Structure formats: structure tokens, C-alpha cells
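Every chain is named by a letter (A, B, C and D) in the order it is written, and numbering of its residues begins at 1.
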Amino acid sequence: MKRFAFATVSTLAVVAGSSVLAGPQAEVLHWWTSGGEAKSVAVLQEEFAANGGSWTDMPVAGGGGDAAMTALRARVLSGNAPTAVQLKGPAIQEWYEEGVLADISSVAEAEGWADVLPASIAGHMKCEGTWCAAPVNVHRVDWIWANADVLAANGIEMPTTWDEFNAAADKLQAAGVIPLAHGGQAWQDATVFETVVLGIGGPEFFQKALVDLDPEALTSDTMVQVFDQMRTMRGYVDENFSGRDWNLATAMVMNGEAAFQIMGDWAKGEFLAAGKKPGEDFLCASTPGDGYLYNVDSFAMFDVDGDDKKAGQDLLAKLIVAPNFQKVFNLNKGSIPARTDVALDDFDICANLSAEDMGSTSDAGSLLPSYAHGMALRGSQSGAITDVVTAHFNSDMSSADAVQQLAAAVANSY
Amino acid sequence: MAPILDINKLYKNYGATEILKDINISIEPGDFLVLVGPSGCGKSTLLNCIAGLEEITGGTLSIGGNDMTHVSPKDRDIAMVFQSYALYPTMTVAKNITFGMKVRGVDQATQDAKLKEVAQLLQIEPLLNRRPSQLSGGQRQRVAMGRALVRDPKLFLFDEPLSNLDAKLRVEMRTEIKKLHQTLDASIVYVTHDQIEAMTLATKIVVLKGGVVQQIGTPAEIYNNPANLFVADFMGSPAMNLIPAQARKNGSGTQIAIAREGGDLLLTESRDLALPQDVILGLRPEDIAEAGFRAGDGVQEAECLVDMVEPAGADTYVVSELGGKQVTARLHAETSAQAGKPLNLAFDMSKVSYFAKETGERLN
Amino acid sequence: MSEWLENHLPKVVLAPSFIAVLIFVYGFIGWTAWVSLTRSKLLPKYEIKGFIQYERLFDSPRWDTAINNLYIFGALFIIIAMVLGLLLAILLDQKIRVEGAIRTIYLYPMALSMIVTGTAWKWILNPGLGIESMVQGWGFTNFEFDWLVNPDYAIYTIVMAAIWQSSGFVMALFLAGLRSVDGEIIKAAQVDGIPTWRIYTAIIIPSMAPIFLSAFIVLAHLAIKSFDLVIALTGGGPGYATDLPATYMYAMAFSRGDIGQAASSAMIMMLVVFAIVVPYLYSELRAKND
Amino acid sequence: MTDLSMPQSQTQTRSQSAVGKIALRWLLYVLLGLFALYYLMPLFVMLTTSLKSLEEIRTGSLISLPREVSFDAWKTAWSGACTGIQCEGLRPYFWNSVLIAVPAVAISTLLGALNGYVVAQWRFKGANIIFSLMLFGCFIPFQVVLLPMARLLGMMGIAGTIPGLIFVHVIYGLGFTTLFFRNYYVTIPSELTKAARVDGAGFLRIFWSIFLPLSLPIIVVTVIWQFTQIWNDFLFGVSFSQAGTQPVTVALNNIVNSTTGVKEYNVDMAAAIIAGLPTLLVYVVAGKYFIRGLTAGSVKG
């Protein structure tokens, strides 16, 4: 009886929900809820609607996508997967291995994605040779942002080495400015950590330590130095940092409370959304050292029933990679287009710098996936590393201990 | 006429525990059957079985000639009054009384008529619009009875209905129940642990102990000829004197010797009884009198040492130690008995019950 | 047929709930136990691989922290909430004029989810925005209250907020208990000239033993299930200093894609719950069976 | 003489103790007041902040009263705040929560009442075991059930729907509702049931006519408890909903975690209060009955 009643009600709900129209449909699960991000999604939604699609927004904010991933798992298990999901890095392949992703090769081939996407990025979008995700953008993670006025007032240049950074920070601290705006959330700790690894260890070391998880690299003296630098930087952070959202840290740089922030270029979206000008109000530079850490946002399409939904997926995939969207979206989001054939004239200097560096590092072999943003490793491994990094940063653990724990945690994460 | 209630080889178990064993009871219409016994004897369980509130494990049960063994309570044509009255707390007195009729779909006019009739009979008309919480104990009792009476059932069941009342009210209600029984000529099964209630109300008594029937009989039978030591001890107040004694065949009769300080008390049983050597002699206090105040065939006198004198208004009880027991005699109020002094007592041997020492069963 | 139905109706009525509980509680516990023996990652797999997940769990320093936090949090939370609840109940039991209003004030936190009040708490406890800056603003510049961001003390802020949320409910339980103590006993004690505090310690409180048990069980189960609280207040941070088993399990299952690990931690949590609840259930049903 | 001095000394000590008593009384009220402040602080902060302008929040103190009361933040939170790309505020989600909570509370309370009635008054063999098995269900950490539940909801075809969420809340509310009613009904003498059975009433009739009218105090307790639990739930809400069925707590979380450059604390706080208003109201209005009901039922065990 109860079952029956529920079944009736839910049938009604389904009927009511699907009776609208039979055009392309997409329910999009994402966690882009902050200012610049939300604007960017709105762009996609408008374009989708302009092409006759009906977009159902399913934002789940919080925890850097944790809550969204909870919802995603529940929905996939219940056989009620969303049409498209913001998903990236090896997670795409992991979901593919579970057999729940849809194949969008037909769109990709028709649109010639292979010709316009850099090989390393295309690699992330493919699962066993078929296309299973559509890239939206390329974020650079190893950025350092600064308030131009604050630097000028204190006579400081953008640092090019970590020693310079430390010297500048000491000076700022003495002047009563918070040197480093930071939010004490595990992934933000990890973001800073990976830029320090790249800066101190160099691209090769980064590859060994955070991509290949080579135990030797993880326990090396270089890694000890990295943790030493982290300890130093802990001293440059104000005492209220714990649990702060990244965009609030960005706001601190914007209003001159703090001088620097180490954060991916989505931070630029916040600067821009607040009407700040790159090069004038705020400065951007890659964090000290060589290399380029990328974080590619993408949408994966899940297996769904219904032609209208499948049509929605194809349309969505097509629009996402199309030049127009890539341009407009990334102007809002702060990142650069994933496809290489988009003219960057409208983009600011930071974006142009990013595009330039992407080309050069790609040639030099130092274009590397970000570990902190789930591009390099699977969840359990990157999580294990983050646990140690954040524990070290938030306590008085010695660097030597941290290195030991790092190796142990990685070994325990398989 | 068919028996109104017929219980045949009834058994009741809770898991492995036997609560009731081989119960066989039959009563005629108009009978007032009292189930009596100490707490835990199974009398309430038996009543619940009759009501159908408990499933029976074995045997059969019929009411008014119809087999009711597996019939649900509502179809047994019974009414029941509970110890706690079990009045429905949210309903008024009137609703409490008519609830059963309402459930059975009796039309409103009949309900009203019946209610009026019963309320008049029990003198509870002023209470009809009150709730149970606004009633005194005695009033609640009346309402509970009203709820049963209004049903006009084949059989009334009462589960210790008077035990929550104070002593005076209890006696009053007892009389009323008896009157009701006589006016309505109803068939009643009544559970109590109070043997006086049993004696005053019953036309038939069942004494229960440990789930086994000890004796069934009229109050007089139970009182005068208890079937065993348990019944003898349980029924009657003060209790029957139960005195260990030695029986010796002696010509025409039997000599009964009761040990006491300063030489055995010797009595003669002149009835022709085959008694074993060790017996328990049972004699009610009123069958021991002061010498000279009792005459008859079996009366024998003997001198006993008085240990204690208890005046009780109409009577005076005198206690003397015989056979290692405190033996009570019920004397007239003007007796000259004095504690510590000897007194001549008259034993009415024609009223004596004998019980086997080992089994406790009655011998005569 | 209707006879059968009439006789079996109680069972028929209970059956759907019972079946639902069998499936949705015990079936799922069984499912979790099974998955804890597999190497499930992103989604559950059903191939048994032994106790590897438990070995990993016990090797994990983060789990150690989570369990230690549960001890600290659980012990402090339960004890303080009980003591405070009892104290408040006794204070309120002194024929207070505005009892209704005060009671409501003490009780209302129970009505609100930590998702709702978390932001306010975060604010109050934040050294730069809340109490610390406020007191410093009054001129006490040396005043420090930075527990929220101090990994060694952050767990105590969780305790504070948890007590804030639940002690009013405990107060209500105890108040109900105080009101149900037989008034004649208290009168007798007063006539005997026993001081009020002795009446409480020697007569009233001991007679409320069942309420202590109820309160303990409610609080213990809240402590073990605490999740919203940590997420809203610290997100488990700083670092993972305020992780609790529930948040650990959640992180493993949903942000790490390590479902096997999550299942093993869930099983350990279940064992803890079991150890607390079963004796309670036993005593509960024992007492009522008579 | 002695006759006179005795009462005099007595009055003296009496007045001394009276002074002490008054002092104690004051102390009592001060204590109670301080605790009240502790409990009210977060609500106070939320309320005042929600009424301030952003400018005032930045410059003013945490506990200062708003200089200018403005309800803009409330309006925004109710119907204008953005989550993702939609800017509808809490309103649609608020109604979702109502649609979930009201039936779920009603169904779980009714089932709990029936179950409690069976377990307490119609004991059959194994009833106690069934009851304790159900009770244990209260204590299961909900994270454990998310994944298998998702699977089963999918199989039943109610994943992501409001009936699905109602179903989940009913299932995991049963343990507590059954416990409440069982503990309450256990205190009602079984003779009442017996009397009604002899009167000819059946299982449901007895429940309906006799037990339900008696149950008001425990119904209040159960409804308050269940409503609070269900309304405040976040975990099930975030896991088993889809676009269009998300409850207010999920929306609140989205709003609080969505920022447009500047964090609008006043909107966050207003949204938080709106999300908590129904449960708050229930406690304030029915709190008295809650305590009374606790005395009547669950505590006695």
C-alpha cells in the first residue's frame, strides 16, 4: 500500500517534470557558486538555452565539491545520474571504470577536438581511447597574486624566488600588513604546498614526488626543505585564517589587508568581478620557480535515458568546446581556453601570460597536472598527501616527521 | 439445562511454564462461581481464558452451550469488570457505559434506554457527564459495573473488583453485588483472593493453587469438608486448627493422641474411619467450646492450659498449645478463661476432618 | 479470514516497519560490513579482499586523531552537558517566576541545526571577529581566545557548541525527572530538617537514575553521530585536528573515493554504538518486562 | 520573660535567614540570567547581524545593536539570494522542506503510534526482540546508509523525488517514534485494552477510540522531535535530492557558501534564521508541552 502510494506520487512527479518539452535537456551538477564562477556558468546556460535546450541547475556548494560528490554518488547509485557533472582529472577515468559515463566521441570527432586541444589536456578527456569529458578551461594553479598598492607602498617587487618571497613577507609583516592571505582549508594548504614543491624541487622533482609518488622523492631532503618553507609561510598568515574561504582571502588582498595570495587563477575572477584591473590594482605572477601546474575543469556526461537528455549532452559538449563559449566563459572565470585556436586579444595580461607559459612549459616538459586540484592523483592518494600537509601546516610537527608521515600515508593509501 | 459455562481439560502454558493444569469446571445458569486462591495461583489467568483475552493451550471451553475455545472476546457474549475498573479515561461515564453498544452498532434509542436503566439501577445518574478522573473509587466501581450490566451478557466476569476499595466500601459493594446477582439472576464468575468474599458471594467456589483446582463445591462444602490441608488452611478466618496427632485403633473407635506438655491429650473418634497412624486433625475454632457450652454425640471434654485470651467483642478466642501448634478455640464472650490457667474445653469430634500427613489429602 | 486478520492484526501492523528496519538498518549494516572487506574505491565493489581496509584504518594517523577526538569530545560533552543540564534543572526547579521563558531560551538551541547556527558560532569564536576582538576592543589587549584556530584546542570549541546545543534538552529531561519525584518524600525530608542541598544529593538525584541513563544514551548517540557540528564549525580543521569518526568516514566515502576505507571506519563506529546501546537496551527491556 | 525572649530571638534568626534567602534568590536569578545570555548569544548575533548593513557589520562590534534596522537582507535571503546561477533565495526550497517534513512527520508519527501500541499492549512472542531491533535503528550513523539507500531508492523509482525523501525520513524516524509511543503506552494499564476487547472493540477501534485520544502529550513530543530532525536534516537532503527537490538546509548551505566577492554576512544570517524559523517556532510555542510530554512518557523508563 505504502509502496503503491509512493509509486503513484513519484510517477506523477515524473510525468509533471517531463511534460514540459522534448527539446535537449540537461541537469547540470556543479559547485561553481561563488561570484565569478556563477557568472561563468550563467554564460553556458544562456548559450544552451539559445540553442533550444532547457537547463536545470543543480548547484551543491561547499567543501570544494565534497557535497556535490556526495550527491553525485547517491544519484549514480540510484540510477538517476545527472546529465552532466563538473568533474576533472583522474576522477573522470575512475567514474568511467565504474561504467557510468556516456561516450561523446561522435561530438568530439565531428567538432575535431583532437586538433584544437593540447595533447596533455586531451589525454585527461579520454577514457580508453573514447572521449568521455569536455574540457572547459585551463586554470593555472601556481599563481601568486598581489595588491599593487601595498607592494608599491612598501617598495616590494613581485618575488621570483622563495627567499625573495620570505624577505618581502618579513618586510610587510614589520609594516603591519598581513603578508599572505590564506584560508585554512585542507585544499588551500595543499595548493600552497604544491607550488612550493614545484618552486623548490623543480618540475622533475614535482613529477617524481606528486605524480609518480616515488618514495625516495617523498622522503628526500628536498621535501624536508619544502616543509621548512611551509613552516616559514605559516608565520606569514594571520591568525584568523582557519576555515576561511579562498575568495575571502582574495578579498583581503583586494582591500589591502593582505599583500599576497597563492591561488589558482580563479582568484582573478574575483578581482575582476570586483572591478579591479590586472597590472594596475593587482599583480599576477607565477609562483617562484619553473613549471606550470594546470587544473582543467571539465564536464563529464553520465549515462542517462531519454533522447532529450542525450541530445542535451551532445549539445552541451558541443557548446562547451566551441570557441565562442571557451572565450566568453574564460573571460569571466579567469582561466584560459582549453583549445589553442582561440584568439586571446580580449584577455588580460595574466591570461596571456598563462597561455604563453603553457606553450613554453609544454615544450620544456614542465607542464604538470596539479595534485591539489585532483589532476595528478586519484582521490585516496591525493587525500593522503593532503592530510599530512594540512596536519603539518596546522601544528608544530617537524619537517622530518612530516616527510616520514608523508611516505607512510602514501604507502597506506592504495 | 445446559451448563452456562463448561471448561473441559483446560491447560495454559507460557512457554515452558504451566500456568493452568487440567481445569474442569461447569456451572449452571444463575450460578455465582468464585475462583479463589492466593496470588499467583492462576485464577486471573483462568478468568482471562474464559474471557478469551488469553489463548488457551489445551482443552475446550463453552459458554451457553456454544464452543468458545477459539472465539474472540467480543463474540463470547460476556461482560467483564476489572480490578482497576479500566474505565476509558477520555470518555464520560455515559460514553464509557455505551461504548460497547456503540461498537456493536446498537441504535441510539436502545443505547439511551439501556443507559438510563443501568444508571438508575446503580444510582449513578448524576455522574453520567463526568470523566473517570472526577469520580471516587466507589463511583468508578459502579461505572465499571454499569458498563458490564448494560450489555446483558450470558456471563459476567469479575476480576477482583473490590480489592481497590477501602474496607467499609468493600463490604457495602459486596452486598450490592450479591443483591444484583439475585435481582438479575445473572451467571457470574468472580475472582478474588479474599476468602470471606468468596464465602459470602458464591453459590459455588473453586479453590485454586499453583494452577491446579484443589476443590470445587458450595461454600458450605468447602468450609466444612475441605478437600486438603491447603483448602482447610486457606478458607475460614481464623483458620482451621490443624493439629498433628497419632491415631490408634481401639475397639469400636479410634483413639487420637495429641502430644502436649504434661502428657498427651487423648480423644476418641467414634466414627468408623480407616486412619493411618500419623494424621493431621483439623478442627475449626468454633468447634472447640468451653466445657458445658456444647453438647452432642461427639463432644469430648479435656483440660487444656490457656496460653492467651483474645476478646473480640462477640466472641473470645482462647489459644492453647496442642501438638506443637497454637490451637484457637472460639468461646463465648463471658468466658472466665485466663491466660496461664487451665480450662476445660469441649471438642466436637463429629466435625473433625482428618488429613494424611504426607499428602495433605482429606481422609474422611 | 476476518477472524485470522483480527487475531494477527497486531503483527500485520508491525510487520512493514519491522521489515523496513530489517532491510534499511540491518541489511545496510551487513552491506557495509561486506564492503569493508573489499577494495571498493569510487563505487562499491563486492569482491572480498580480507581485512586490508581495517589494517589501513589502524595505520592512519588521521583515524587516530579522529578516535582520540571522539574520546575527548565524547567524555567532555557528555559529562559537562549532564552536569550543566542537571544544574540548570535544579535552578529552574526553585519556583522561578519566568520559568517558561527561561526554559524556552535554554531549550531552543535543540531546535536549530548546526548548519543554521554554525555561521554564528564560527563568528563568535573567530579571534578576529568574535569574542577575542570584542574583549580586546574593551581594552583588554592581552585577552586571547583563539581556540577555534588552535589545533590543540579547536576540539574544545566543538565541545562548547555541542553543549550549547544539547544541554537545554538534558535540562528538560532532568526537569521532567525532578517534577516526577514524589513530593511526600521531599516533605518528609524537610520535616526532618535536612538541608535543601542534601535533599537533592541524597534523595532526589539518586531517584532519577533512569533519567541519567536516558540522558547518557541520548548524549552518547549525539556524540557519535556528531557531523553537522564539525562540518559547520571547523570543517574538520585546522588540518584535521577536529576530525571525528563520522567526518572521517564521510571524507573517505565522498571526497576521497575510498568507499572500502569508509566502510571499515563505519563498522568501527557501529561497534562503539553497539557497545553503548546494547547494555542499555538490555536493561531497558529487562526492567519493563515485569 | 522567657516567654517573650523566645519568639524575639526566633524572629531575629528568621529575619536573618530571610535576608540570606533574598540574597540567594538574587544569586539564583543572576545565574539563570547569565546562562540565558550564553544560550541566546548566537541567536542574538544572528538576529542583529541580519538587520545590519554590510558596512555596519564591517565597522561595528559583534554584539552591538544595529544602528539602522534594515530588512533588506531578509528580503534577499527569502527571494533574491543566489545559489549557483539561480537567484530565487530560500523560498522555493523552503516549500520543498514543508512538502517533505509535513507528510514525513505525520506518517512516522502515525506508524510510531501504531507500533508502540502493538509493542506495549499486544505483546506477542518476539515482540520485545522486534522492538529492540527497531530501537537500535535509532543509533545507526546515517552516513552508513547513504550509498545502499541511494541504490534502493533508485530501484524503487523514487530517487531524487520528494516522496523518496519522505520515505527515507520515515524509515529512520521509526525507531524514535516507536520508542516514544511504546514507553508512553506501557504506562497505560493493559486492563483498558482487555475491557475494550470484551466490549467488542477490535485492534484498530481500541487504538482509535481509546489510545489515540490519550496520546496528546506524546504526540506533541514525537511531532516536535521528528519535525526538528527532518527539517534540520542536511545529509539526506543533499544526497537524495535533485534540482527542484532540495530542502531548505541544502539551499542555506549553498547560499552561505556562495559569495560574490564580498561575503554578505547579513544575508547569510537572515537566511539561517529563516531556515531555522519553523523549528524555532515549534519549540517556542509547544516547548511547554514538550517537557510535559517527556514527563509523561519517555523519561519514565
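We take it that contacts are C-beta pairs under 8 Å (C-beta built on N, C-alpha and C of every residue); 3 or more make two chains touch, one makes a residue touch a chain.
Small disclaimer: the values here were computed from a predicted structure and weren't measured.
Peer 1: By mean C-alpha position, what chain is farthest away from chain D?
Peer 2: If we average the C-alpha coordinates per chain, B ends up farthest from chain D.
Peer 1: By the contact definition above, name the pair with the higher C-beta contact count: A-D or C-D.
Peer 2: Per the contact counts, C-D leads.
Peer 1: Could you grab the centroid distance between chain A and chain D? Build each centroid from C-alpha atoms only and quote it in angstrom.
Peer 2: It comes to 39 Å between the two C-alpha centres.
Peer 1: Report the inter-centroid distance (CA atoms only) between chain C and chain D in whole Å.
Peer 2: Chain centroid spacing, chain C to chain D, equals 15 Å.
Peer 1: Roughly how far is chain A from chain B, centre to centre by C-alpha average, rounded to an integer in Å?
Peer 2: A distance of 90 Å separates the two centres.
Peer 1: With chain centres taken as the means of their Cα atoms, state the distance from chain A to chain C in Å.
Peer 2: A distance of 36 Å separates the two centres.
Peer 1: Find every residue in chain A that makes contact with two or more other chains and list them.
Peer 2: If we look for residues of chain A contacting two or more partner chains, we find 67, 70, 73, 76-77.
Peer 1: What are the residues of chain B that contact at least two other chains?
Peer 2: 72 - these are the residues of chain B that touch more than one other chain.
Peer 1: Can you list the chain D residues in contact with two or more other chains?
Peer 2: 146-149, 152, 202, 253, 256
Peer 1: Along chain B, where are the residues that touch chain D in the complex?
Peer 2: 48, 51-53, 72-74, 78-80, 82-84, 86-90, 99-100, 103-104, 147, 151, 157, 159
Peer 1: Which residues of chain A touch chain D in their complex?
Peer 2: Per the stated touch rule, the residues are 3, 6-7, 9-11, 13-14, 17, 27, 30, 32-35, 38, 41-42, 45, 56-62, 67, 70-71, 73-80, 82, 245, 247-248, 251, 254, 270, 273-274.
Peer 1: Could you list, by residue number, the parts of chain C that touch chain A in their complex?
Peer 2: 16, 41-44, 56, 59-62, 122, 126-129, 146, 148-149, 151-152, 154, 231, 234-241, 250-258, 261
Peer 1: Quick one: which bits of chain A touch chain C in the complex? Just the residue numbers, please.
Peer 2: Against chain C, chain A makes touches at 2, 63-67, 69-70, 73, 76-77, 91, 94-95, 97-98, 100, 184-186, 189, 238-243, 378-380, 383, 387, 390-395, 405, 408-409, 412-413.
Peer 1: Under the touch definition given earlier, write down the residues of chain C that touch chain D in their complex.
Peer 2: That would be residues 6, 9-11, 13-14, 16-18, 20-29, 31-32, 44, 88, 91-92, 94, 96, 100, 102-113, 115-117, 119-121, 123-124, 129-131, 133-134, 137, 164, 168, 172-173, 175-177, 179-180, 210-211, 214, 221, 224-225, 227-228, 246, 249-250, 253, 259, 262, 266, 269-270, 273, 276-278, 281, 284-285, 287-289 of chain C.
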